[in-house]
Amino acid sequence: MTMMTGAQYEESLRKMNFKVYLMGEEVKNPVDHPMIRPSVNSVKMTYDLAHDPQYQQLMTAVSHLTGETVNRFCHLHQNTEDLVKKVKMQRLLGQKTASCFQRCVGMDAINAVDSVTFEMDQKLGTEYHERFTRFLRKMQQEDWTVDGAMTDPKGDRSKAPHQQDDPDLFVRVVEKRDDGIVVRGAKCHQTGALNSHWVLVMPTIAMGPEDADYAVSFVAPADAEGIIYIYGRQSCDTRKMEPGADIDLGNSQFGGQEVLMVFDDLFIPWENVLMCGETEFSGMLVERFAGYHRQSYGGCKSGVGDVLIGAAALAAEYNGADKASHIKDKLIEMVHLNETLYACGIACSAEGHRTASGTYLIDLLLANVCKQNVTRFPYEIARLAEDIAGGMMVTQPSQQDFEHPVAGKFVAKYFRGTDKAPAESRMRIMRLIENLTLGTAAVGYRTESMHGAGSPQAQRVMIARQGNIEGKKKLAKAIAHIQE
Amino acid sequence: MTMMTGAQYEESLRKMNFKVYLMGEEVKNPVDHPMIRPSVNSVKMTYDLAHDPQYQQLMTAVSHLTGETVNRFCHLHQNTEDLVKKVKMQRLLGQKTASCFQRCVGMDAINAVDSVTFEMDQKLGTEYHERFTRFLRKMQQEDWTVDGAMTDPKGDRSKAPHQQDDPDLFVRVVEKRDDGIVVRGAKCHQTGALNSHWVLVMPTIAMGPEDADYAVSFVAPADAEGIIYIYGRQSCDTRKMEPGADIDLGNSQFGGQEVLMVFDDLFIPWENVLMCGETEFSGMLVERFAGYHRQSYGGCKSGVGDVLIGAAALAAEYNGADKASHIKDKLIEMVHLNETLYACGIACSAEGHRTASGTYLIDLLLANVCKQNVTRFPYEIARLAEDIAGGMMVTQPSQQDFEHPVAGKFVAKYFRGTDKAPAESRMRIMRLIENLTLGTAAVGYRTESMHGAGSPQAQRVMIARQGNIEGKKKLAKAIAHIQE
Amino acid sequence: MTMMTGAQYEESLRKMNFKVYLMGEEVKNPVDHPMIRPSVNSVKMTYDLAHDPQYQQLMTAVSHLTGETVNRFCHLHQNTEDLVKKVKMQRLLGQKTASCFQRCVGMDAINAVDSVTFEMDQKLGTEYHERFTRFLRKMQQEDWTVDGAMTDPKGDRSKAPHQQDDPDLFVRVVEKRDDGIVVRGAKCHQTGALNSHWVLVMPTIAMGPEDADYAVSFVAPADAEGIIYIYGRQSCDTRKMEPGADIDLGNSQFGGQEVLMVFDDLFIPWENVLMCGETEFSGMLVERFAGYHRQSYGGCKSGVGDVLIGAAALAAEYNGADKASHIKDKLIEMVHLNETLYACGIACSAEGHRTASGTYLIDLLLANVCKQNVTRFPYEIARLAEDIAGGMMVTQPSQQDFEHPVAGKFVAKYFRGTDKAPAESRMRIMRLIENLTLGTAAVGYRTESMHGAGSPQAQRVMIARQGNIEGKKKLAKAIAHIQE
Amino acid sequence: MTMMTGAQYEESLRKMNFKVYLMGEEVKNPVDHPMIRPSVNSVKMTYDLAHDPQYQQLMTAVSHLTGETVNRFCHLHQNTEDLVKKVKMQRLLGQKTASCFQRCVGMDAINAVDSVTFEMDQKLGTEYHERFTRFLRKMQQEDWTVDGAMTDPKGDRSKAPHQQDDPDLFVRVVEKRDDGIVVRGAKCHQTGALNSHWVLVMPTIAMGPEDADYAVSFVAPADAEGIIYIYGRQSCDTRKMEPGADIDLGNSQFGGQEVLMVFDDLFIPWENVLMCGETEFSGMLVERFAGYHRQSYGGCKSGVGDVLIGAAALAAEYNGADKASHIKDKLIEMVHLNETLYACGIACSAEGHRTASGTYLIDLLLANVCKQNVTRFPYEIARLAEDIAGGMMVTQPSQQDFEHPVAGKFVAKYFRGTDKAPAESRMRIMRLIENLTLGTAAVGYRTESMHGAGSPQAQRVMIARQGNIEGKKKLAKAIAHIQE
C-alpha cells in the first residue's frame, strides 16, 4: 500500500487505542463520537481526493526516496513547484471542507525536521537524519497522518523553560536510559492529534544551554502508552450532539479538532529520538517549521475564505440584496483580501530555495508576511460576511422549531427571502456563516489564523530579523548623499 | 409603586402568560428556563441599580408628566443633560452585565414616538399623542419594560412592502373595526421581547401611499393573545443547559435574548393605536428611533468593551505577558477605540436639540457616525482581545474535564499560568473572552453592533443625507476662487 | 480697544520689529513677504470674523476679568459651553481658511498656564498666577495674538535635558539676576510665531530635580531683542513667489507658518516669569496645554476636512463621476471620518470640568483619544480625496502654460471636464486638493495632525495612564466570578 | 549596438527634436533643463545597470527574435521566470532611484501589444503582428526607450468617446489616407514621454462599434512633427531651479516626469499602425497592458518603499529614538506592508501563463489584487514614515539658511540629533522623507500608486470579473447541503 483511501484511513484509525477524555468522560471510540466525527471526515478528504484523477496533480507527488507516488502530505518538497503545489492543495482542501483538515502540521514538521537533522548531523556528527529518513520511508509507505506537535503550555511566558515553577510546563527528558528516553510534559492546541497515526514532537522555542533537557524531538505512535488526550471545547461543539443535528450545524460534515496531549512519562526508544539536548538547533527547527506552517495558511485559509465569500454572496442573493452596489463592493473586498493571502502563500513558495539536505524551504521573510496578513484579513472577511448576512444569522430559531408543527409554519413563512429563497436554504446559509464566524469553524478560521504557527508578534520578530533594515538605511544614505 | 426592585420585576414577569417556542418545545415558564434566565437577569439589573444610591443619579430621572422619580428607561429626555446621562447609564449597565440588557429599545421607542405623534397631530389633527401620553403615564407608574419592535422580516429586500409575494412580510393592518384594528405579520430579532411587559410596535421603513396598510404603530401587552414568540438560537446557547454549568459559560449570570415575534391576527383597540396609514410619517419615526438607538450603542457597547479590555488585560497578566510592549500597546489601542465609540455617543447627546413636543433629540449626523463606528471598532477590539488571550481560549477542555478525577489533574497542571494564576482563574477569563467574541455575548457585542439600529449601509445613507456635501462644495469654491 | 479688526491687526504687526531669516536672507517686512503673507491672512480672519454678527456668538466671549466682550482666543474657558464653542469656532475658521490659523496655541497656553500657576501658588506660595493675570488682562485689552511656545529641539531624544551634549538643546535659564532671568535655547515648529505680538514660553516635558534650569515659563514681546526667527520651508512654498501666482497655489489667500525661534540670551524681567525651577509642575503644565491643544484639533482639522471633502466632491462633479456609487461611498467615508474627529472634540469639551482656578479643563482621556484619531483620519481623508481627484492633480501643467498663447489652447481643450467644467475650474480644484494633500497646507493637514500637540505615542502614553485598566480588570473579574 | 550605456542614452536624447512647453516657455534642450534632468537620470540608470555585472541577470535577457542579449525593458517575457525577474529588476531600480524610472510603460506596452496583435491577426486576417514584430526588432537593436501611451483626457467620464462634446477628448483617427492615418487628441499623465525615443499609443477603454475611430494603436518617433509636449507640474518642482539646490531636494539626482502629449493632426504611415477600428480588441489590449502594469507596481513601489523605510530608520537613529519599542514596531509594519506588495507582484508573475503568441501573461486576478494593495499600502507606509520622522521634516529652514553666516550657526546648533547626527545629515534625511511623501517623488510614490495603471475602482471591476463568485457560491452550497 502506498496511498490509503478515505475508508481505509477511517478503518486504520479505528484500530488505534487512544486514551481520550471529552466532556468529563473517557471516549472509547473517538472515530464515531459525534463531536469528533466531522474532524475525521476532514482528514479523510485528504485521502479521498488523492484518488480523484481531477486532483491528483496537486494531491500526490513522487517520493524522492522511493520513486513511488505518495500523498503530498507525506512528501518532502524537492523544488519550488512542490512548494507552490502544496499551497494549491491546501486551498483546494479548504474549499472542500470549510474547515481545518489538520494534516498539514505533519507535512510541515517532516520538511523542517529533515533539513535540520541533516545540518545537525553535518555539524555534530549525530545520526538523527538517518533515523528520520527511516521513519519517513515508513510514513510514506503506510500513508500515515502525523501530528506535528510543537506548542508547550509555557506557564509563565516571561520565564524560560528551566525557570518555571513546575519544570514540566515544557516537554522535557526526565530520564535517559540505554534503550531510550523518558519524556514528561504536554503539548497544547494539538490540531488533529487524535486523527493521527504518529506524532512528531518538536521543541517550541529557541533555547540556551540551561534548557538542554527541553531540547527534545522524537516520533511516537499516537496511541502509545503514556499519551493521554483531553479534548478541547469549541464554540457550539455540542450542537453536533443534538438529535437530528443538521441545519443548525452550518457544516454538518466537516470540522477541526484540538486537544491537549499529555506525555505522562512516555518512553521513546533511541531510534525514534531526533534531537536530545542540542539546544543550538532548537531555534532553527522552530523557525523552519513555523516558516512552512505560516506558508500553509496562505493556502488553507484562502480556501476556507472562498466558501465564506460564496456563502455571503448567496445570503445577499437570498435576501434580494445582491444588486446593491455596497454589497457588490463588499464581496469584491472579501475577494481582494482573500487573494492577497493566497498571493503571499504563492510568493513565499515561488521564492523558496534548496537547503543542504535537498529539501526546499520557503522564503522566510515572505512566509512570515503571509502569516501576518492571515492574522488580520480573515477577521475582516468575517466582519464583511456578517455585514452582508444580516442579523438573522444569530437570531433565527432552531432546526427543531423549524420542524415543529405549529412554530415551523411561522418560521417557514417569515424567514423566506426572495421567491427563489425558501426559508430552509436561507437558514442553512446563515448557519454556515455563523459556523465560520462564531461557531466550531471559527476556531480554525479566526483563532487558528491568529495563533496557529505562532502568534502575530512571533511573525513581527521574524520580519524584523529578516527585513534587512540596515541594507535599507544604506539605500537611503546613497539617495540622500549622506557620507559617514 | 413607581420603581420596581429587581425581585419585583422578576415576579411581575412570572405572572405574564407568554406563548413561547424554544428548541422545538413550548416553554411554560420562560423566566426560569436556563437558556432564558440570564437575559432576565440583565434586565433585572436595570431595576436593581435604580435603587442603589451610588447610581441613582444616572439610573433615575424626574418625570416631566408627574414630577415623580422614575427609572430613566421610562423617561422622556428633557434636555441634553438627560441625553448624556442616558449614554452614561448604558455604559454602566454594559460594564455590570457584559451583555445586552435589552431595555433600551423601549426607551428609544417612547422618545421617538412622543415627538412624532406630537407632530402628526399638529399637522393632521389626529390624537395619537394624547393616547401615547396616557400610555407613557401608565408605563412610568408601573415601571414597565417595553419592547420597541421595529424590524420586519422584509422577504425580498429589493421590494416595497406591498410588492412582496406574501403580503405579510411586513406587519400590516388586515382589518379595521369600530373598536380597533387587526394586525398580522412579524417582527424579527426582537431583543428582550420576552422580558417585556408591553410591546410598542413601529413601522420599519419610509413608505409611499401604496404601503398605507403597513404604516402602523401601536402598543400591546407583551402576552396578548395573538402574539407568539419563537426563541432565537445563539452561539453556545445550550452550554447553559449543561449540568453544573459555570466556567464554560464565561458569563454565567447575564445574557441577551432575541426572538421572532409573530402577530397572528392580533387585535388592537383604537386607544392603543399610534399610527394607522400616515405613511408620510413612517420615515420620520424610523429615523428618530434609529437615531436614538444609534446613540445608545455609544454607551452600552463601550461598557461591554470595558469588560472585554479588562478580561484581555487579565489574560495577559495570567500569561505572564503583561510587561511586553506589544501587549501594552494592544490594550491602549483597545481603550482608544472603545473611548472613540463613547465620545461619539457623548457628542451626539451634547449636540442634541429640542423637538416640538419638548422631548430632546440627539444630533442625527453624529448619532449615525457613532453607530457606523460601532459596526467596526468592536470587531477590532475583539480581534485584539483574541490576539492577547492566545489559542487556549478555544482549545481548553470542558469544565467537566477540569473536574474529572484523572483528566482534571492534568488540566490543572498544564493550564496554570504565572504563580498567581491557577488554571481555574485562567480558564474563567478565557471563557469570558470566548463568550464575548464567539459565544452568546458575541451576538450582542458583534452582530448587534453591526446590525442593531440598522445595518452599516443605513447609517451611510443618513450620513450622506445629513453631511451637507453641497455646503462643503461652497467652502471649497470660496477657497479656490471658483465663480460659477 | 478690546477687539481689533483684521486691518488693525495687520497694522499692529507692521509695527513689530522682528529679526527674521528666510531662504538665506533677512526679511525686513515679513507681513508683506509673499511667502509669509497668506499666514498673516489666516490670523487676520480670526479678527475679522469676530466683528461679523453671524459668527460673534462663537468668535467672542465675555471676559471673566473685566466683563467686557473679548475675542474668544483671549478668553479663559468658564464652563463646558465655552469649551464646546471653542471647538466650533475652530471648525469655522478651518472652513474659512483651509489652513492652520495659528492663534490656538496662545489660547491653549493661557488656559493651561492659568490653572497651573494658580495651583503652584497654592502649593508653593509663589505669585505666578497674579503675574499671569496681569498679563492676561493686558492681552485681552489689546487683543493680542500670543504664540504658545513649547517644543524644544531635544537633540538626542533618549536623554533628559541636562544630559544633552549641548546644554542648550532645551530652553534654560543661564543667569538669574535681581531684575530677571536670561534664557537661552530655541523652540522648534513654532506655528504662527511671526504673526504674534507676544510669546508665552513653556517647558516641553516632565522633569526631575536635575533639570531645574529647564523648568522655565515666561512671556515676552515677540519682537524682543534676543529673539531670532528662522523661517521653515514648506512643500511648494516658493510657488507663492512666482509671477501672477494664483491657480497653482490652490489656496492663494491663506496658509500657515512655522519657524525656529531662537532665544539668544534673552532677558526676561521677573514680572514676566511664570515658572522658574519648579520642576514638579512642568509635567502638569505640559499635560494640560497638550490636552487643550489635542482638543483643538477636533475642531480645526474637521473644518479643513470640510473644505477637502467639498473639493473632492467638486472634482468628481467636474469629472462627470459624481453619480458613480463608489465615488458617493468614498465621500460618505470622508464625512464619516471627519465627523468622528469633530465628535471627539465635542465630547472631551462637554465632559470638561472645573479646575481650582475656575478655568475649565477638557476631559483628558477623551482629548487624547481625539488627537490620536487626528493622527490617522486626515491621512485617510486625504488618500480618498486623491483617489477621487485623479492623477491630473499632480500632472497638470503650470498656470503659465495655461496662459501661454500656444500651449494654453491645448490645456484648455484637453483639461476640460463635463460641459459645466471648464479647464480653469478643474485646474483650480485640483490645485486645491494638491495644496491640502501635498502642498503648503499639507504641512498643517497632515504633519501637524500627526505631530502637533504631541506625536501619536505621546497620546498613547496618556491613554494608558488615563484608561483605568485596573478598574476594567475588576469588572471582568466580577463577571467571570474570579475571587482572588 | 544592442545595449546603450547611460551616456549613450543621454546623447541619443539630445539629438531628439522635441517640442516642449514648461512653465510658460518653450524648452529647447530638455535633457539639461534642471527641472527635467533628474527624470533623465532615472531612465539612464536602466541603461547603466544593464552593464553592471552584478545586475545583468536581472537587467538583461536573451531576445527570442535574435538570440542577442538585450535590455530587459525591450524583451518579451518568454516564461514565468522572465515575469518574476521583471519584478525584481523593478524593485532594484526603485531602490537605486527612489523614483519612477519611467521605462516600464513601454515594456508593458510591447508585451501587451504582441499578444493582442497576434490574436487580432489570427481572428481577422490583419497583419498587425508582423508590423509590430518589425518594430520590436528595431527597438531591441537600438535599445530604445518607448513611451506606452494609454490615458486619454476623457472629458466627461460618464460619456463614451463618441458622446463627448469635443470629439477629440479621446485620441481618434481624423483621416485615413492611402499612405497612412492622421490622428488627433492627447494622452495625459505620460510618464517619461520626453525621455523616450518612440511612443506606442494604445486606446484607453473597451469600446463599442460607434467608437471605431477611437480604436487606434500605433507607434511614432517621440519627436515626430505634430506631437507637442506640455510638462506637468510636480509638488516642489521648482526647488530644482534654486541656486545650489542640493539638501532641499531630498533626492537631488533622480526624479520622475509626466507630460501632456498632444497629437495635433499627427500623420502615421500604415506600417506603424497596429490597430485601426477593431473595437472588439480594444478592451483586451487595455486589460493586458493594465495587467502587466499593475504587476509592475509590485516591484517598483516596493523598491521605493525600501528607501523610505531606510530613511525612516535613519531618522529614528538620528533622533535617538531607534530603541523605542513603538518605533521598532512601526518599522516592522512598514516592512510588512512593503513585502506584501512585493509578494503580490511575485505571485501574479509565478502564476503567469503563455498566450497564443508565445509571450507570457501574468495572472490577471492576482495582478489586480497587487495593484489594489498598491493604492493603499504606500499611503500607510508614508504615514508611518512621517510619524517616525517628526515635524522637522516640514519646518526645517532652507539650505540657504543653513549656509547663512548668522542663521546657519543656529540651524547647525539646534537641528543636530544624537552625537552621531550632525544637522546636515538629519536635514538631508528629513528632506528625503519629505520628497517621498510630499515632494516631487510623492507624485510617483503616492499618486501614481493610486492612479497609475488604472484607478482603484478599475481594479475592483477586474477583481469582480475574475473573482469567480459563482464558483464560490457552489462551494458554499455543497458545504451547506443546499440543493436547488
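For clarity, chains are labelled A, B, C and D in written order, and residue numbers in each chain start from 1.
Basically, a residue touches a chain if its C-beta (ideal position, glycine included) is under 8 Å from a C-beta of that chain, and two chains touch if they have at least 3 such contacts.
What you see is a predicted model; the values in this text were computed from it and never measured.
Contact count check for A-C and A-D (C-beta pairs in contact): higher for A-D. When every chain is reduced to the mean of its CA atoms, the largest separation from subunit A belongs to C. For this pair, subunit A with subunit D, the centres built from the Cα atoms lie 40 Å apart. Annotation: 37 Å between the Cα-based centres of subunit A and subunit B. Rounded to a whole number, the gap between the C-alpha centres of subunit A and subunit C is 52 angstrom.
Counting partners per residue, subunit B has 326, 329, 460 as the residues that reach two or more other chains. Across the interface of their complex, subunit B is touched by residues 325-326, 329 of subunit D.
Note for the complex: subunit C touches subunit B at residues 84, 95-98, 246, 250-254, 306-311, 313-314, 317, 328-329, 331-332, 335-336, 339-340, 342-344, 346-351, 365-366, 369-370, 372-373, 420, 425, 428-429, 431-432, 460, 463-464, 467, 469, 471-482, 484.
Partner subunit B is touched in their complex by these residues of subunit A: 21-25, 151, 153-159, 165-166, 168-169, 186, 188-189, 228, 230-236, 238-239, 242, 248, 258-260, 262, 264, 319-321, 323-324, 326, 375-376, 379, 383, 386-387, 390-398, 400-401, 403-404, 406-407, 410-411, 413-419, 434, 438-439, 442-443, 446-448, 450-452, 455-457, 460.
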